[in-house]
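Each chain carries a letter (A, B and C) given by its place in the written order, and its residues are counted from 1.
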Amino acid sequence: MTTPWTLNENRVFSSNPAVRSRAADLYGTIADLPIVAPHGHVAPELLADAHARFTNPAELFIIPDHYVFRMLYSQGVPMESLGVPREDGGPIETDPRAIWRTFCEHFHLFQGTPTGLWMKAELVQLFGVDVRPSAETADALYDQIDARLKDDDFTVRALFERFNVEFLTTTDAATADLSVHASIQADGLPVGPTFRPDAAMQIAHPDWRSTLDALGERSGVTITSLNEFREALRVRRQQFVDRGAKATDHGLFTSFIEPLGEQQAESLFKRGLAGEATTEDAEAFHAHMLFEMAGMSVDDGLVMQVHFGSRRNHHTQIYERFGLDKGADIPVAMDFTRGLHSLLNAYGSDPRFRLVTFTLDESTYARELAPMAGHYPALRLGAPWWFFDSVLGFERFLDRVVETAGVYNLAGFNDDTRAFASIPARHDVWRRAVSNWLAGQVERGLVDADAAPDMARWLAYDAAKSAYRLT
Amino acid sequence: MTTPWTLNENRVFSSNPAVRSRAADLYGTIADLPIVAPHGHVAPELLADAHARFTNPAELFIIPDHYVFRMLYSQGVPMESLGVPREDGGPIETDPRAIWRTFCEHFHLFQGTPTGLWMKAELVQLFGVDVRPSAETADALYDQIDARLKDDDFTVRALFERFNVEFLTTTDAATADLSVHASIQADGLPVGPTFRPDAAMQIAHPDWRSTLDALGERSGVTITSLNEFREALRVRRQQFVDRGAKATDHGLFTSFIEPLGEQQAESLFKRGLAGEATTEDAEAFHAHMLFEMAGMSVDDGLVMQVHFGSRRNHHTQIYERFGLDKGADIPVAMDFTRGLHSLLNAYGSDPRFRLVTFTLDESTYARELAPMAGHYPALRLGAPWWFFDSVLGFERFLDRVVETAGVYNLAGFNDDTRAFASIPARHDVWRRAVSNWLAGQVERGLVDADAAPDMARWLAYDAAKSAYRLT
Amino acid sequence: MTTPWTLNENRVFSSNPAVRSRAADLYGTIADLPIVAPHGHVAPELLADAHARFTNPAELFIIPDHYVFRMLYSQGVPMESLGVPREDGGPIETDPRAIWRTFCEHFHLFQGTPTGLWMKAELVQLFGVDVRPSAETADALYDQIDARLKDDDFTVRALFERFNVEFLTTTDAATADLSVHASIQADGLPVGPTFRPDAAMQIAHPDWRSTLDALGERSGVTITSLNEFREALRVRRQQFVDRGAKATDHGLFTSFIEPLGEQQAESLFKRGLAGEATTEDAEAFHAHMLFEMAGMSVDDGLVMQVHFGSRRNHHTQIYERFGLDKGADIPVAMDFTRGLHSLLNAYGSDPRFRLVTFTLDESTYARELAPMAGHYPALRLGAPWWFFDSVLGFERFLDRVVETAGVYNLAGFNDDTRAFASIPARHDVWRRAVSNWLAGQVERGLVDADAAPDMARWLAYDAAKSAYRLT
C-alpha cells in the first residue's frame, strides 16, 4: 500500500462547497474550546497515578474497547484471539503484537464507522501514523506506536493536559471509594465522580446483598429496611457532592419511571432481602427508586442522567464467558410519553430539578423527546449515545430535535467513553458535525448567519456546562 | 445589532446551486396560487366582524400561540409573564409591551425552528421589520408593529383579501352555533365550518352531559339513547353540510378505530349517561363512534379527517392552571396497520368515502401509511402536522411516502393554525419545500423534469381541492 | 408531448458535482459485474421453457405486477380493468391493448416511485422507447413493444443471457416438484430453488391438511406426528440441497422466533391435524418451527432467510376477489431485540449457521438490526425489501446500518421480484445507490477513497455470494 493515509481537514463537513466553507469557519471558532466531559467511563485509577501510561497498542486500542472487538467478533474472529479476558481465566492470546496484527488484518471492517474515524484521528494525530493498518503494515505500526507510548509526554496525565480538558467526570458505583478522586483532585486535575447506583437497585441480582453490605459500610448506615436504604443513598450522594460530583447516572431497560405505593416498595425491598425477588420485581423497584432519586436530586442538586433502553448482555454465551460490556447490548423501542409522565409531572417544572436523557431509540427524538424538552423546563436532551455517537447519528438527532426543541434545550456532548485517548477525537467529530449542521441551516436561510456562532459554541461547550450546572 | 435582518429569497431551498435554481423556478410557478386552507383553527368570530383587528403585538404573536410560549416556558420563563390567562383568574402580566419585551429577549430560542421561520416572514413581510427581535430592539419593534396594526389595511378582513384565500374552514364543535358562519358568508367570504364532535364522544368527561344537552338543543333531538345520539349527530352533520362544511375532524389518542357490537356500544353510552364511564370506556366508545361516523360520511359526503396520537395535556399542573392547548401535548407511537384495519376494510374502497389522516409518529409514514395510501382508494395522507409542519418535517414526509404512494395519494397542505396572520407564511414554507424536494428528485433523474410543474401545483393547490372535494 | 424521454446517465447520483463524479467512477467499476440474485420469485416454468416469451405489453408490465396495479387501484381504477384475474372467474378486461391504455393514462402516478424508475429503464433500454407513456402515446407504444416482444432475441432465455445472470434462485413451496429445476439446469442455466415451507406451517389454514399430504408424498414420509413432520421437512430440505438450493425462506408476521416445549409443540401440531388450531396457535407453532428450522440449517447448511412483519392481505375484499399478492400487504412494527433473542443465543455464533433478515420496519435498522449484525457472527442484513427497494430506501438503510455494522455484515442485494424483465433495472438502481452513498462518504472524509472500490464491489456482488455461500 503506497497511498499516504492522511486526515481530510474538511472531514465530516458537507461536500457542498458553500456549506463546507461556512462549516469550516464555524468550526474554526470552536475547535479549540476546552473539553467539558461531564459523562464518561475513564477509570479514575488511570488518572490517580501520575505515571500511568498505556502499555502497548493492543492495550490502548483493542482489548478494553468493545466497539472494536465486537466488530471483529461479528466477522467470526474469536474474542480470545483479541486478548479479551475470560471470566474463567481460560486461555487467550496474550501477545500484544499478535492481537494488533489480527486487528490490522481486519481494519477494513471499520470503514464508514465512527470507531474507524476516531481511530484514524488518534493514529494520525497522536502517533504520526501515515499508512493504513493492514496485514502488511501491522508490524511496523506496532513498533511505531509502541515506541511513542514510551515517550515522556505520553503519560495519561500528559495527555490529559494536552487534551485541554476543563472538566471530566468518571462514573462510579454507589459503593465506590472516593479517595481515588481525592487524590486526583489533590494533584489539581479537574475530575469529579458521578453517582451510578444501578447495582444497588438490582434486588433480584445474586450480588445485591453484598452490594447492600458495601453500601452500608461506605455510608455508615446499617440497611435492613427501605428507609435505611434511602438514608444510605442520601448519605452517599452527599459524599459524592462533597467530592465534586455534579450528577447521578442510571441505566434503565425500559422507559418507565413510575412510583409505587410505600407498602409495595417496602414489600419489594423485603423480597429482595429474602432472596425472593423476580426480574419483574427488580424492574418495578428500579422504576420506583428512580422516581425517588429524582426527589433526592431536587434536594441535593445532582443532575439526573438516565441512559434508557439497552438490553444488556443480549448474548448469554458471551456474557458467561467474558462478562459485561462485550458489545452485545442491544437497544429496544421506548415510550417516553407514557414512561416519563409521572416523573415530569412531579418534577418537570421544578427549577431545582434537571433531567438529562439518553436514548438508543431514534424514533423517539422527534415524536417524544423534542416535544417534551420544548415544554418541560427541567428536561435537557443528551447527545446521541453509543451506536449513534457518529456523524450520521448526530445529523439525525439535530434534524429531529432542533425544529421542535431548539438548540437551547440540548445538553451538549458527552463522550461517554472508557477509551481515554479517544476523547478529543470524539468531541472533535461532534464539533465538526454541529458546525456543519448549522452551516447547512444558514445556507438554506433557516438559521440567521450571525446567530450561528453562538449556537455552535453553545452546542460544543456552553450547553454541557449549563446542563450539568458547572458554571 | 447592526446586521440588517432580511429574508433570504432562496430560503428553504437546497444549498446545491442546480437544485436551488430549479426549485426557485418551480416555486415561481406556484408561489402565487390562491391559498386553499381546508383545515385550521381560526376563530370564526374574528372573520365575522368586518372591523376586527389585532390589538397589539403581544396579542398577535404571543398570548394565543402555544408554539411560542411553550418554548419560553421550556427555558424557565413563567407563562404568567407572557400573559397567558390563568383558569383561576390569578394574576398575570397584562402589559403587552412587557410581554413583548420578554419574548424579544428570548427570540434566539427560535433559531432553527419553524415558528422562528414563520415569525420572521411575518415581521419582515407584513410589518416591514428589518432588525431582529432582541432586548435592545424590543421597544422600537413594539412601536413599529403596534402602529402598523392600527393601519386601515390591517383589519382581519383586509388581511384575508391580501392573503388571497380561496377557501378556508374553521373547526367547530358539534354544538357550535353556525350563524357566525352564515354572517361571514353573507359578507361573501369563502369560509366554511368543520364538524369536530370530539367533546360529544367523551362519555367519561364531567362536561359530557351538558355537551349532550347542547347537542340536543342544536339538533332538536332529545338524547336519551344511543340511537337518538346518532340521530342528533346526523342532523347536525347535515346542518354543517348546509352551511358549507366539507369535512369532519376528529382527534384520537390511539390509532384504533374499531366497531363494537350494538349492545356493547349502547351499554357504554348508558354508562356515560349514568356518570359511570371509565377512561377505557370512553376510549372504546370513541373508537366505535369513529367507525360509525365513517358510515355517516359515506351517506353525507363529509370527508373524514382524523388527527391521531397526541397525548393531550401531558403536564397536569399546566392544564389545571392554564387549560387546554398550552404546548404540553406529546405524541405517542401508532399502529395504523392494525388500528385502521376494520375501518379500511369496511369503507376503504367505497368511492363515497374519503379519509384524510394526520399523524405525529413519523415512523409510520413509510411503514404503514404510504403502503395503505398506495392501495386503498379512500385514503389520502394529510401533510405533516404540528411539530412536523416544518422544513425538515416536510422533507422526511416526502422522502418516506412518495416512493410508495406517489404524490397523487397525498392531501396537500393544511396550515392547521389558530394564528391567522401566519397562514401565508406556513403555506409558503410548504410550497418552497415541495418545490425544492421535486427539484432535487429531478436533478437526480428520479422525476421527469417536465412532470415536476404539475406535481408542484398538485401539492400546493390541486391536492387539497381534490382531497376535500372542493371542485 | 414532444419532450424526448431519455434516461439520465447520472440518475440516482447526487446533484453535488463532486459526489456525482466520484459516484459515476465507482459505478463504472461495478456496473457490468454479473448479476447474483439469490432471492427472487421468477416462475421456474418461465425458465424451463426454451421458447418462453412474454405475450404482450400488458402481460409483461401490468397484469402480474402488484407494484403497478395497486397504484392505479389506489386512485380508483378497478383491478378488473387492468386484467387482474378474479378468483371467481368473473369478467375482467381481456384486451391487452385496453389494459395498456389504462396504464398509460395513469403513468404520471409513478413519478418519483421505484416502479417508475424501473419501468422507464426497461422501456428505454429493452424496448427503445423515447416518449413517455400517456393517453396520447399509448397505442403507438403498444405496437412498438409488442413488436419487439416477438423478436428472436426476446425469449426469456435470451434475456437471461443478455442480463448476465451468474446465479438466480426461485422461491418454491416445500411441496414443489423440483423436476422443473432439473430441466432448467440440464439446459445449463445457473438456477436453483429456495425452500419456502410457509404453507406447511399454517396449521390453522383450511388447506393445511392437503399441504401436509403433498409434503408427505414428495418426501415419502407419512405425516401423522410432529416427528414425522420434522422428518419430512428434513428430507425435502435435502432434496432442495441436492437440486442446488442455497437457502430457505420464511415469511413471518411477527418478529418472534421462539421455541416451545416439545409437549406444547406436539399438542399444537395435533390441534392442527384435528382442525382445531386457532390463529394464535398457528403463530406460536410457526415461531417454534422457525427455531427448529434454524437447527436444521446448522445441519444441512441452508442459509436461513426470514422476511418479517408484513400483514398479508390486509384488504379482505380484495383478497377474496383476487387472491394473494394484490398489493394489500401492509407492514407492522417489529421488536427484533426480544424476538430474535432465543434464536441468536442458540445459533448466533455457530459458524454453520447463517441468518439473513429482511424487514419493513426501518426504525429497527439502527436500533436493533445493525447492533445485532455488528455482534452476532451468524447474522447478515438483507437489503431493503419491497417498498424500500428504492433509492431513498437504500440510502436510509445504508445511513442507518453501516456506521454500526459496517458494510461487511450486509448481505448485498436481492431483487426479490417476480417481474423477470425488471431484474437488471433493480440491480442497477442498487449499484448506483451504493456507488453514490460511498462517494458521498468519501467526499466527506468518512470512508478512505482507496477503500471505496472494494466496498462497492462487495455490496454489488461479493456480499451476496458470501452471504449465500455461493463461493
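To be clear about the criterion, contacts are C-beta pairs under 8 Å (C-beta built on N, C-alpha and C of every residue); 3 or more make two chains touch, one makes a residue touch a chain.
Note that the structure is predicted; figures quoted are calculated from it, not measured.
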item: Neighbouring chains shared between chain A and chain B, ordered by label; value: C
item: Copy pair chain B, chain C: interface residue numbering same or different (half cut); value: different
item: For chain B paired with chain C, centre-to-centre distance based on mean C-alpha positions, whole Å; value: 40
item: Per-residue multi-chain contacts in chain B, two or more chains; value: 14, 16, 333, 363
item: Chain B - residues contacting chain C, complex; value: 14, 16, 18-19, 333, 335, 337-338, 341, 344-345, 348-349, 351, 363, 366-368, 370-377, 379, 399-400, 402-409, 440-441, 443-451, 454-455
item: Contact set on chain C toward chain B in their complex; value: 3, 5, 7-8, 10-16, 70-71, 73-76, 108-114, 117, 132, 311, 314-318, 327-333, 360-363, 387-388, 390-393, 396
